[in-house]
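Chains here go by letter, A, B and C, matching the order in which they are written, and residues are numbered from 1 within each.
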Amino acid sequence: MKKIISMFAAVLLFVCSAVPAFAAQAPGEVSVVINSPTAVEDKPVYENNLDITVTNTTDHTLNNLVCYLSIVDVDRGFSYNVDEFGPNAYQTHSITSLAAGESASVVIPVKVTYVGQFKFLISVVNPDTGATPTSNALSVHMIATSHLNNTLVLAVSITVSLVIIVGVFLLMNRRKQLGKQK
Amino acid sequence: MNQSMVKKELRESLYESKGLWMIAAVSVILTALCVLATTIREASAFSQTDVLQYAIKAVLFLTLMVCMVLGASSFVAEREENTLESLLLTPISKLQLTLSKYVGSLLIGFVLLLVSVPYILAISAGSGLTASALFITFFCGLLTLLAFTGIAVMLSVLLESTKASILTSVLILLVLTFPAFLKGTLKLSAVGRFFLSIDPIACCFNLMEKMLVDQVSVFSLMQYVLPLLVFAAIGIALLVWGSGKVSLKGEK
Amino acid sequence: MIQTKHLEKTYRNGFRAVKDLSLHVEKGDIFGFLGPNGAGKTTTIRMLDGLLTPTRGKVLIGGMEVDGHASEIRRMIGVVPESHGYYYWMTAKEYLQYFYALFNHGGSDEKYLRALLAKVGLADKADVPVGQFSRGMKQRLGIAKALVNRPQIIFLDEPTLGLDPRGQREIQQLLFDINKSDGITIFITSHMLKDIEVLCNKVCIIKDGSLVEQGSIRELQEKYRDGYSMLLQTSDNEAAEGLIRKLKKVARVAGEDGQLLIECESGLSDDEVLSVKHELVTAILSNGLDIREMTHKTLSMEDIFFKVTDAEKEGIA
């Protein structure tokens, strides 16, 4: 019985460590927490620093951890190129070495000009193991200070175009007729 | 600068060089961009300020493109049509001749900037940024027009075919525009940052962003204004230098 | 009126287009500038009108050096270049108005411009776009444009090139009238030797950039005449030819287009020529032949040209 259970546990362990997803999940390797802000509801342009704490929850030192920001637009259902959210938001932040049980602080400056409902997520990649734990999602709600008046923009743009095209046609026709008369 | 010549250049640009159709085409392109901005889902993520910036960028690019094409064909077309000789045999100086053609092309650019006004007013309505947007359009527009049109006319003096002249002019515009769209990458190196600091189009974009997004006064943005002024001066200087090279092909 | 002194032009590639050209044109002359293809005619005209800078030598127009007085000289001259382009979208009147404004600081004189168009025979085409003009009409418009600033001299480079005979005659008559009525000095280059013969009172012949002959047509005819020539048509040219061959002091007899060309020996005095004519007439009449026509044959421009240049017929009409 013991042999069967130990063999089964060994097989299970082998499978779990062999499958990258499971290996990556390795819960408790690193914990990532966005300390501040806790939530954002503001108008563009919103500039702030995201204070993040990365804690090594393993019993050994972790090296060359890479910390980065990703952004999801909840309403529209897509994500963004991060450099559109600030001049330095795109940069990854490295933690050269994190001893067991220790925490490191990371600051990522962001500048939000878009409007909508977003989730900001901080991920930490361990290049040795491939583990990518992710933080709690920071809710960012950017309210438009003013809205594009779609009706006005459409009406004006189409009207101006039509007026110019018609005007050009009339001018060119008039010129042709004058030329023929002569 | 000769008034009769400027009138003739303007008439020729509008009617014979299809300038009127170019103005119509620019308005259609701007309308298409407005339709896209107001109808597609992805564009709804942009705040009004972002849409305004994109509109001004489109206006600047289209205006510069049209004026560079007109400027680049100004002298070579006269040479190809064998009309340059008659002009050189009048008492008009080469500088007057060159300036007249330059102003003829610039006026079309000014008309295009005026055509963009209703679009900018509509897009910026309610944002409180109308005055800034119009200022940026005309300030950046006129300075870049002065520079790029001057370069285009100079090239039309020096080069022997319309094709070569137009292609070279457009290439110069593209080379100077590209860095502004690769800001993220260029920022990573010292050379890239230096180039971004002197590139006129990048300066236009930065000026726009600072004034519209961060709402900073133009007087605090001299680091972006000065390169534009210097570039405009260079363009005009090249034009004046090029005017001395106006000649028939026979000289060779 | 027009003077060049040891004029030379060497292009940047080393080609010497004009070599040591010294010519003189008096006020009121219609001066023909002849030469085969590539002789340097267009280069010379461009140096005279100030478009090209000579490598060496001087050009004087109205006593003023072109180098240094370009603006004043351009007000004195009109030019009809060989390859003359037009603004095809302009009407004839607009075209003249444009150049009038360039010469007159933006001014306009509708009456004068209409009179100019009438002078060149385009009065009824004033409001027609130039793009609808025939070649001859364009050339006349070019001449009108050259007259817009009331010049003292007009330079024309191949003005009848590509025109049909009627068009050529119209241009010749126009130039003649301009010269006679307005006293305008005309400097004309042409391949068409007939043009030169009809129009010009003086000519200059160049070859390979160098001046080979200059003078009035009469002087050149005298200079290059071998002997007195005449054309004779009788009731029987063949018989007459035999009779004439026997005469003394007759160098050559040849049939030419239904006539006899008779060349006397060179160096005969007027009395000797008269004596030959008398003997010829006596010989023909006494043999029962009739004389239908007898005319003095002068040396044509073509004859002079070929004698001077020893040229093959290289594009010369």
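In this text, a residue touches a chain if its C-beta (ideal position, glycine included) is under 8 Å from a C-beta of that chain, and two chains touch if they have at least 3 such contacts.
Keep in mind that what you see is a predicted model, and the values were worked out from it rather than measured.
The chain closest to the protein's centre is B, with centres computed as averages of CA atoms.
Which two chains touch most often is answered by the contact tally, and the pair is A-B. Per-chain Cα centroids separate subunit A from subunit C by 84 Å. Subunit C has its Cα centroid 51 Å from the Cα centroid of subunit B.
Averaging C-alpha coordinates per chain places the centre of subunit A 36 Å away from that of subunit B. Counting partner chains per residue, subunit B shows two or more touched chains at residues 15.
Across the complex, subunit C meets subunit B through its residues 11-13, 42-43, 46, 49-52, 71, 74-75, 77, 79, 81, 83-87, 89, 98-99, 101-103, 106, 145. The touching residues of subunit B, when paired with subunit A in their complex, are 15, 20-21, 23-24, 27-28, 30-31, 34-35, 37-39, 41-42, 44-51, 115, 118-119, 121-123, 125-128, 184, 187, 213-214.
In the complex of the two chains, the subunit A residues touching subunit B come out as 44-45, 73, 76, 78, 83, 87, 90, 113-116, 142, 144-150, 152-158, 160-161, 164-165, 168, 171-172, 175.
Per the touch definition, subunit B reaches subunit C in the complex via residues 2-5, 8, 12, 15-16, 78, 81-93, 248, 250-252.
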